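Several structures are given next for inspection.
Okay, so chain A shows up in both of these, paired with chain B first and chain C after.
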Partner chain A sequence: MKYAKKLIIGGMSAMSLGATVHLQADDTIRVGVIGPTTGVFSFFGEQQRMGVELAKEELAERLAELNLEVEFYDSQGDAETTVDRLRAMESRDDIDLVVGPVLGGTGLAGLEWAKSSGMPMVISYSAPEDITMRDRTENVVRAGWTGAQPMFAFGEYVAKELGHKRIVMVGQDYSFPYNQAGGFMKTFCRAGGESVERIWHPTGTSDYSSILATLPDGDAVLYNGAGSDGLAFFQQYHDFGIDARMPLLGGSNFFAVGNLPEMGERAIGGLSALQYAEGLETDTFLAFRDAFMAMHGEEVVPLAPAEHGYVAFKMAVNAFESANGDDRDAVIAALRETEMPDAPRGPFHLDEYGNPVQNIYVNEVQEVDGRLVNVPIETYENVSQFGPFDAEEYLAGDPDSRDFPPSDCSDPYYD
Partner chain B sequence: MSTFYFLTLNGLTMAALLFIMASGLTLAFGLMRVVNLAHGAFYLLGGYFGVQVIHGTDSLTLGLLAGGGIALVGGLLMERFLLQRVRGLDLSEALLTIAVGLIIADALLVVYGGQPVTLPLTRQLRAPVDLGVMMYPFFRVLIMVFAVLLGVALWLVMTYTRIGAAIRAGVDDRETAMAQGINVPLLFGGVFAVASFLAGISGVIGTSYMALNQGLDVRVLMLSLVVIIIGGMGSLKGAAVGALITGMVSSFATGYLPQFALFFLFLPMTLILVFRPQGLFGRAT
Partner chain C sequence: MKREHLLIILILAALVAWPLLMGDYAVSQANRAMIYALAALSFSLLAGRLGWFSLCQTTFAGISGYTIAILGVRFGLPFPLVILLALLFTTLSAVIFGLLTLRSRQVSFLMLTLALGQMVWALSFQWVDVTGGYNGIAGVRMPVYGGLDLNDTHVFYGLIATVTVAIFLAVWRLYRSPFGLLLLGIQENEQRMRALGHPVYLARFTAFVLAGVIAGVAGVFLVYDMGIMSPSPLGLGHAVWVLTAAVLGGYRSLLGPALGVAVLIALETLVAQYTDRHMMVIGLVLLLSILLMPRGLADVFEQHFKRKSKPQASVTTTTRGKEP
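And now, the complex of A and B:
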């Protein structure tokens, strides 16, 4: 009996030892892609997944050469689930690099995990600026953007090109819209704007009629939010005919991620800014769009989360190639050197903090071939996550909050 | 001054929608002592299905009936096959309705996805009409008219018909009512079905200006509960007054202090619970 027990224990430890040896001897490179592919935010995760699928197909030969495999994980849009999946990637599935997460909160959770794990990570659509600013870490880079980044360009555009002086901004009361507001105001005020009055409402508000009833006067209204809140605001704004009094501008996600079909033709002429536009006409973009729609169906337009997933995966593959394998430090070093001269959205490279320096497009909603599309009407080249500002000075300043920067453009802060 | 009218009309619109929601909830509670926590899910169910039907048929009426109809069927099935098995067990009943609500909401997520949905309304309905004090979108006026008609109809039925009398008898004393030959279980089923129908219909109506999305079920349920707690559970008059108070407070608070909108929304309920727990028109038990 004693002997049998020993035998079992011995056998089991031998087996587990064998398993470890097997893992270590394994020369397959594994990339884990994480995003919300089910749940309320599945739109974003699905877009990312489809972008990665396309990149996989296009790079098939190089992937075979590298012996690289891809696994998809579902974050359900939840920070805790994200961390669970990330842990499983590292300890169970022997993943060498993570693409994702996609959403703001899950991105921050992923960052915290990556700090302790050291796993190379290419964050795709997730936009909290501190991921590549105050909380940055060597092994995490980003293929996407920060909340303020496109708004630096938009603030300048609204003040200079549209000539608006006073903006009324209605927004969802949480950190991403604060960051968008911050980016907007910092350039708007310095480009000749007079004031930005902010009205914050709790996320999940569905009735905006009373906010609209007491809307202060201005040259334009900027809705700083998206999703169902944005859609409800858009609809009620037009129901009450306020569009006749003040034009409606959008935050970066307002017209950009999926609400256009529901908004309908009243959205035509709507302006917003992003590092992406599905109405781009460059050859690289058209090739990407056509291949994407050929793969996933004519009805599925690739939007920013899809392109960011596509690009993030390509960045990873490039890094493995120039590192000649999956040596962690070499991969991270290669990632941080990323240059993407032929990304669908336009050329970009990473700054020393790991965030793309890229084109920002001011987009106008137009009807093209019976479909509502964001068409770029102005391009700002080489915009970094610090906008026109010095990185060190920017980082020394306060992070954006619900009432920072100041509303009044004559405030000494803007001097 | 026009801001005042604007806010008042907004408050009335919201009160109208809340009343359509809460009247069903409060009736079902009054009769069956079941707080149907799946009421919000029926709102969602009716909304999604109704909008789909409107897209398919271009008929608003059909959409309203379809939205109400599918919620009615859902409510009837739930009452017949689930609630009847645990009748009288308060905790089981409440948990069961929560479970059904979660299942419906999750199933809707699978079927309709997570992207928000709006109701396609014709230009005529969206266009503003002159109310004397200000221009106001026509469909919002219709929502108010509908709520008033519904309130009058419910009141007439409850006060002047045999069914109404039977319901009131069932509310007051279930055993005695049964002894009088009133088929109380049948009545339960009927009232529950009507309540679900109203939830479904308000899903379609509400989508005319609030984008329909996952999570709205919980918010809508919460608002309905606020309304019937203020008005007194089981009282139709209470639901009307509760809806008015909630709608007005919410409208003016959102207008002047948007950051504190939720605080002011729940303030009246909190005060009522402290000073008059049975609600304005509820009976102390």
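And now, the complex of A and C:
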């Protein structure tokens, strides 16, 4: 029976180990921040974390007043881990509000969890449009963007200001680029464009010679993707000399700061659009950038995920203040009323679906003080997640996909 | 009363006590642990009995999960029917995969299952019209029956625990049946088994399909636990995680895989609370335990158990297989 005794003792001690839950006093407000701080996408999660840390420092007095604490969680960029951590926040750590997740897939998994939990959630960088559209839920709002949002402005800009008629679009084959393409095409086609021919390639492609060798003719090429795929495409595009024939435009993340040093001078003049630009010159932005770099080091430029984390956290703090505590319904109501006249990226407010209505900047890569940065050259104010379209009509339409909306701008869909 | 019966009673008691004593989060962790224990059992059934290391057991779980998400959410088929169809479809996939891999062994089997698993993963990622691609399919929920919400963590725990215990008991019987011994025999000396007139290929094929179905059951619970089906559980990372858990716990024994999963999940949860470098800590623990306990945690318990007791066949023992 010795064996059995040991088993019982072992089992009991395992249980008591598990049972050491955080026994915390209830007058503390707790905010849980979740993002990928390890794994392939840790860059985005780290940016968010640094943004939240800056906001935490700036708001230190108000946080002390509210008795508000922050805890950070690692999603590992994985949907299942995200759901697990969210459950830990709710039932183990007594968290009152979630900031994050950061990535597309984890955002949707988080949304699904939030629907059944009712936890107030401020999604930061995660961009699938259905989070604040077809799958929206009362307790989830967003501090960032949808994939289509900046592209509504860019499509109009490319058709009207650049006068391009036919675009060849090469992109990564998954939902975020589909959404970017959809936003672009819906305004481009209605602003005088003729066609957008899409060529999709699997993510992780390093050799584009077969695509580049048979590239159809057009007025410009738009690379709808980012990361190492984007860098490889950029280099081979120039090696093939196609830049002399057609200029290269970018999706929102194509000319990302991390890739610019490797792209080098050839990137200068490159155009893309985003609700953010590290080359903004407004006072609020410069103050944010300088404080961020003073806190995290001169080499760490704050990018959109950092700003979105910073702003998401501020939205949460504002909501707790106007709700006068952590009453869930009051916090959610306050969140949905969010107005941010002084966000670093520019003023914004939430639409009735919970997504920011904000400035979109058309950015040009320029050399500033020996560094390549995205400098805004055109601002579209008050762009919503529905662009220029009516919300109800937009929601009644099909979601963007591989081959929707249609390539040919004369298609009846665009009437 | 035999010692193994005592062990079973203790495990059952712990499973009943867990939701009564522990908080919601611990219960949801136990749910995940049981789901992955089934996946790891499916892996071990092939690895421990046949010496076949498969990297596509999580793929079967994924196929089953996607079937439920697609039929349940997209086509709105009723709840018990989708589960039946999911298991049917998983069995069918296991039959196809089984036929494809039947004649391969060891490294070629590993590579074939890797290729098949990655193909299904890529399909789930790129066949957007059906699978929803990277975004996946959201809103996969169990129904509420007369006020009993099957999605409730504790109710869900009851469901998973019942099915998991039933499957482990069935596999226990299987391991001790002539069929289980035949599988071990094939691993030891295939030629001899064939010479004795045993249907070697049929036995291997049957084991492969059985393992696939067990993984399919894990997939059913996985998708309802998550509420969303996306390509991430089909990725290589999850397949390797299951392999790691099975090796850590000891894939030759019945309870080893479950033990490995429990230890890994407990480690991840506890260490991640304190540091972002939790992967390093877990890696170190794995390194040490594989160096010190090459046959897994369960084996250490067993050796201990045997020394204290009279020689007798135990629940979990199979000492015949060679070291990997």
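Of note:
Just so we're on the same page, the second predicted complex is superposed on the first by the 389 of 415 C-alpha atoms of A that agree within 3 Å, B and C clash if a C-alpha of one lies under 4 Å from a C-alpha of the other, contacts with A are read in each partner's own complex, and residues count from 1 in each chain.
The working rule: a residue touches a chain if its C-beta (ideal position, glycine included) is under 8 Å from a C-beta of that chain, and two chains touch if they have at least 3 such contacts.
Just so it is clear, the model here is predicted, and its values are computed rather than measured.
Applying the stated contact rule after C-alpha superposition, one finds that A:239 touches chain B and leaves chain C untouched.
With both structures placed on the common chain, the touch criterion links A:173 to chain B and to chain C. In the superposition on chain A, contact of A:109 is made with chain C only, not with chain B.
After overlaying the two complexes on the shared chain, residue contacts for A:128 are found with chain C alone; chain B is out of touch.
In the superposed model, A:363 makes contact with neither chain B nor chain C.
Once the two complexes are overlaid on the shared chain, A:275 sits clear of chain B and of chain C alike. Residue contacts after overlaying the shared chain place A:201 against chain B, while chain C stays out of touching range.
Looking at the superposed arrangement, the partner reaching more residues of chain A, out of chain B and chain C, is C. Once the two complexes are laid over each other on the shared chain, residue contacts for A:84 go to chain C alone; chain B is not touched. Of the two partner chains, chain B is the only one touched by A:213; chain C is not. In the superposition on chain A, the residues of chain A touched by chain B in one structure and by chain C in the other are 173, 202.
Interface residues of chain B facing chain A in the complex, by the touch rule stated above, are 3, 6-7, 10-11, 13-14, 109, 113-118, 120, 126, 128, 135, 137, 140, 206, 209-216, 219, 250-256, 258-259, 261-262.
Here chain A touches chain C in the complex through residues 2-4, 7-8, 11, 14-15, 18-19, 21, 37-38, 73-74, 78-80, 83-84, 87-88, 90-92, 104-105, 108-109, 111-113, 115-116, 128, 130, 135, 173-176, 178, 202, 401-402, going by the rule given at the top. Against chain B, the residues of chain A that register as touching in their complex are 39-43, 173, 199-202, 204-211, 213-214, 227-229, 231-232, 235-236, 238-241, 258-259, 262, 264. The touching residues of chain C, counted against chain A in their complex, run 3, 6-7, 10, 14, 17-18, 21-26, 28-29, 32, 122, 125-126, 128-129, 132-136, 138-139, 141, 151, 226-228, 230, 232-233, 237, 266, 269, 272, 276, 278-279, 304-305, 308-309.
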